[in-house]
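Each of the next two complexes has chain A plus one other chain: chain B in the first, chain C in the second.
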Partner chain A sequence: MSEAQHGALQLQVKRIEAVTPEINRYTLCAVDGSWLPAFSGGSHLTVLIPVGEETKRNAYSLMSSPYDTSEYQIAVRRVDDGKRGSVAMHSSVREGDVLLAGIPANLFPVSKHARHHLFIAGGVGITPVFAQLEELSLKGSSFELHLAVRGPEHAALGYELKDRYGDRVTLYGHDGQSRLNTLDILAGRPLGTHAYVCGPTRMIDDVVASAHGLGWSDSNIHFERFDDLGSTGDPFSVTLARSGAVIEVSPEQSLLEAVEEAGHTLPYLCRGGACGECETEVLELEGTIDHRDDWLSESDRCTNKLILPCVSRATCTKLVINA
Partner chain B sequence: MLITGIKSRPVYDELTPMASGLNHIAAAQGSGGKPLVRLLTAMTPEQLASTTVLYSTESFTGHNFLSELQQFAVRELRVFPGNADAVGGLDTVLAAAEMGTRLYLAGSEGFIGTSMQVATSYGMHRDEVLREHAGSFVRRVWCAHCGHYSENVAHRVFVCPGCELNLIVRDHYSGRLAAFQGVKADSEVPGELPANEELDT
Partner chain C sequence: MTASPASTAFKTDETYTPEGNYNFKNSPEGVRRLPFPFPDDDYMYSMNLEPHVPAGDGALKAAFDVDEHYVSECAHRAQMLRDMPGVHYLALPHMMEAQWDLLELIFESYARDFPEHFTLTKDGNEWRWQNRLLNIDDSFTFGDPSTLPMDPMKYATRQAQGEFVVLEEKDNTLVIGAGMTTQRADYSLKFNVGMSFFEFHGPVPKLHDMGILDRALKFLLRMKPGHPVRRVNWSLTVNPRLETSVETLHEWAPDRTTVTSENAGEKVYLRIELQPLHRLPRSNAIVFPVRTYLVSLSELVQYAPNWAKRIHRALASLDPELVDYKGFHRYHAAAVEWLSHHDDGAPLATGYPWASGGIQPTGE
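On to the complex of A and B.
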């Protein structure tokens, strides 16, 4: 398997396809042709994009099959938001180029207990769903997808999924008139249905509000906002007790990524705050920990003796961890 | 209320209406009728009208709350002679239930445990269910040797009706089996049984 150097994978751009007027799909493989680290449906990849002197860290959902780690696929929508990462992906990156990327992490996994999986997506929000549906369809799980697009020229990814899964996929907006109605989609569902929504904030808010209105509990509503992919926040520094190394965590990287970039290793599995594998003891703290994981209990959080470096951050003048 | 050193035993709740739900299903057995009456008293008329009650009159302690339960204007009250029938009835009701349903369970540990197995099989999540223990803490015991389930076990040592071995009841509760485990009591020296004691009922 391809080994990450200082926490980064070296990926060669094998193919670039324009799938809509705004979205390119990139197929990436290991520079040495070896297997890439495995991932599960809903995972994202943080790509280090050189923009002039700077490096942008943009997270993109993996849309290729989780059962084939000979390559990764991501889709990048060109957004002229001034951050320039996606623009650089579109205008400067060419087939054959080598990009650095983090190890896939999953903050949007499918539920293991669902009896039926209901996906609602809009635009480029469809990308994580590609890998999720692949995973569910191979497991033989029950699922359906409702996808809204802005018009026929934006519907290519939707047609691909329709070819694969037939009636289980419903498209809206591809004909210029049909509209997705979240209340209609969510109403009258049997117990054990889980809804996943990925798309613009408006769509997410709409689905969450409709589901709550229908009496759904939060445990059955899952969503991913693109802007909170990865652990981002204010910079801080951390001291590794064993080596005495002081590491700066930048606003766009997680504590785990910063430690890896500095050439140290920490254990990890999910890189999304769910599995507890990266749990590390806090030896000294002057300040507060911003616990962002789903692993620690409320009482563990309060004592501030443990931290999950894959997602959690700190606002502190001093943080020493047992690593 | 149970004070116990048994960590594996479920932690029970107190039944109160879950206002976020649009439909309510409340199932109880024997003494569990009492918390159920308290729950229904706390409900608004709209909540009562969207509530289905299932009640089993089987009871270890002999308490019956059926006449009290009949006073409420619920959508439907289904009465069962035995706990197993009530759990079967719950299965039927949940099969037709939709998202937005909240489940309330009250009664013995065995009844709550087996009902919870049904709820889990329909994918119900812990935050959609409240469970309140009522009555005696007799145990439901699973025999590790023949797989027989014994209801209402009150003593540390008993004879398994399935395989007729002397079983000692261990203090480990399995949520998956909804039962405590019973193992052969005289495996070291046949015929030599440990002191029998009343369980923490």
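On to the complex of A and C.
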């Protein structure tokens, strides 16, 4: 298996295809030609995208078969008013380039208990469904897909799935007129049906509201929440009170990592905001702390007197911690 | 890399049962490489999770540790499965994918960390597994259970030290879906299978009040493939008995009454549990391995005097509720009394032995 270097995979861009006016599909393989780590349908890959001096970490759903780890495929929609990561993927990344990525993780797995899997997707939200349908198809599970697109030129990925799965795939919007109606799709389903929605927030809210209205329970409604920020975010600086050292925390590292990189030590254990070992007193703060841990109580958070350097960050002009 | 010292002599004739007269002992090196679980003189139940990265030259060097008891432990597992079919190994039908994930994880780790004993050769899905310690050389098709003589999880864990509980992620909690547990510390796999995280932790005192369970569950649900974490836990057992399940309670519980302050050194064993948790890549399940190490109090005194002093202090100051939960209130006082004769009160280092500056088995 491809060895992760500092937890990152080195992936070579083998092929780039434009599948719609806005979406490119990238086929990636291990630089050394080895097998990539296995994953399950619904997983995402966090790609480190160089943008000028900075590195953006964008999460993209894996759309290739979970049963073929010789390569990964992701689809990237160009978002011009976004944080420039997708623009760089479209304008700077070329076939043959090497990109760093994390090991795939899954925040959107298919249920192992469903009798029938019902997918509702919109636009680029179709990408995780590619891998999920492949997984279900190989297992012989029962499924159907309802996919809404904005017009014929945006329907290429939908046609691919229609070719693979025939009547189990219904397209909307590709002909310029048909519209996806979530209430119609969700109504009258037998118990044991699980619904999955992936698309714009409006679509997710609509599906969840319709399902609730029809009496579905939450355990049968699945959607991806990309709330997995980890410890990355905007840069800030922190002063260690005991040594007076001023440390810059870059967007790609946690406060704890930045302190360690500068040659200082802080206590730590889980490095995930759960154990409380790295809890540190905040002596001065001009700004706000972005608490991302599960350790501090709500009242602790409000006082802004404590911070967990392993995951939490700050938006501030000044932060002094008792370390 | 190889994670076992070149000199490891694998013991083949050890037993973990009264019928075999508990013919079990540790070598001095075997004791000093243990993941000793007491970083402080006062023991506090905590969520001592840390990234599972190689540390030191002992039990934490490999992803899954193999030590001098490997051969005898595998024989013990085979015997337990034979003696009580359906009690020590269970897997719900939807866990098959997780079973293959676990087989791959164990075999890849063993082959990488102990190449002198294990070799895994892959040609696509056609795999060959060589285990020279147990004289096994099998070929099978990864993903096809019909090519193995038994379930993939059973096949793999019969060749592994420690027990393995596989948890399925469902409805924002973790549910027990499969287990190979011939070394259970006072619980029943059959009773617990299908239980959720809060349910199977129900009997542990203080956990709910301390909010530890909520945080632990959130942390575990965020676990990602390729980033395992570990914790250590411990208990005490009378005699070197690995299998202490609820089902056989009538066999081993009476032993608790046999401990005196004279024989505690030989009778009482520290039971160390090393728990390296992994998120599995295809099934999205989490495997909760419990690698159990047994060491008698007198072996600690003889080969690791600092650890003997530490365990004396930790046991002496232990919360009575924990003494009760861990099941040794009957002989707690006898063990502390026996240990008190081997503790001169000298200050000891704090921290786990594998951490820098942590408590070492011997020396200042």
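Rule of thumb we're sticking to: the second predicted complex is superposed on the first by the 223 of 323 C-alpha atoms of A that agree within 3 Å, B and C clash if a C-alpha of one lies under 4 Å from a C-alpha of the other, contacts with A are read in each partner's own complex, and residues count from 1 in each chain.
Throughout what follows, a residue touches a chain if its C-beta (ideal position, glycine included) is under 8 Å from a C-beta of that chain, and two chains touch if they have at least 3 such contacts.
Values in this document were obtained by computation on a predicted structure and should not be read as measured data.
In the superposition on chain A, the chain among chain B and chain C reaching more residues of chain A is C. Within the superposed three-chain model, A:113 lies in touch with chain B and with chain C [touch as defined at top].
Judged by the touch definition given at the top, the superposed model places A:299 against neither chain B nor chain C. Once the two complexes are laid over each other on the shared chain, residue contacts for A:104 go to chain C alone; chain B is not touched. Shared-chain residue A:177: touches no atom of chain B or chain C. When the two structures are aligned on the shared chain, A:190 is found in touch with chain B, with no touch to chain C. When the two structures are aligned on the shared chain, A:215 is found in touch with chain B, with no touch to chain C. Within chain A, the residues touching chain B in one complex and chain C in the other are 113, 218-219. Looking at the complex, you find that chain A touches chain C at residues 1, 4, 7, 37-40, 66, 102-106, 109, 111-113, 218-219, 228, 269-275, 294-295.
Across the complex, chain A meets chain B through its residues 113-115, 186, 188-193, 211-212, 214-220.
Partner chain A is touched in their complex by these residues of chain B: 20-23, 94, 97-102, 120, 122-128. Per the touch definition, chain C reaches chain A in the complex via residues 46-51, 94, 101, 104, 108, 168-171, 214-216, 218-219, 222, 224-227, 229, 279, 281-284.
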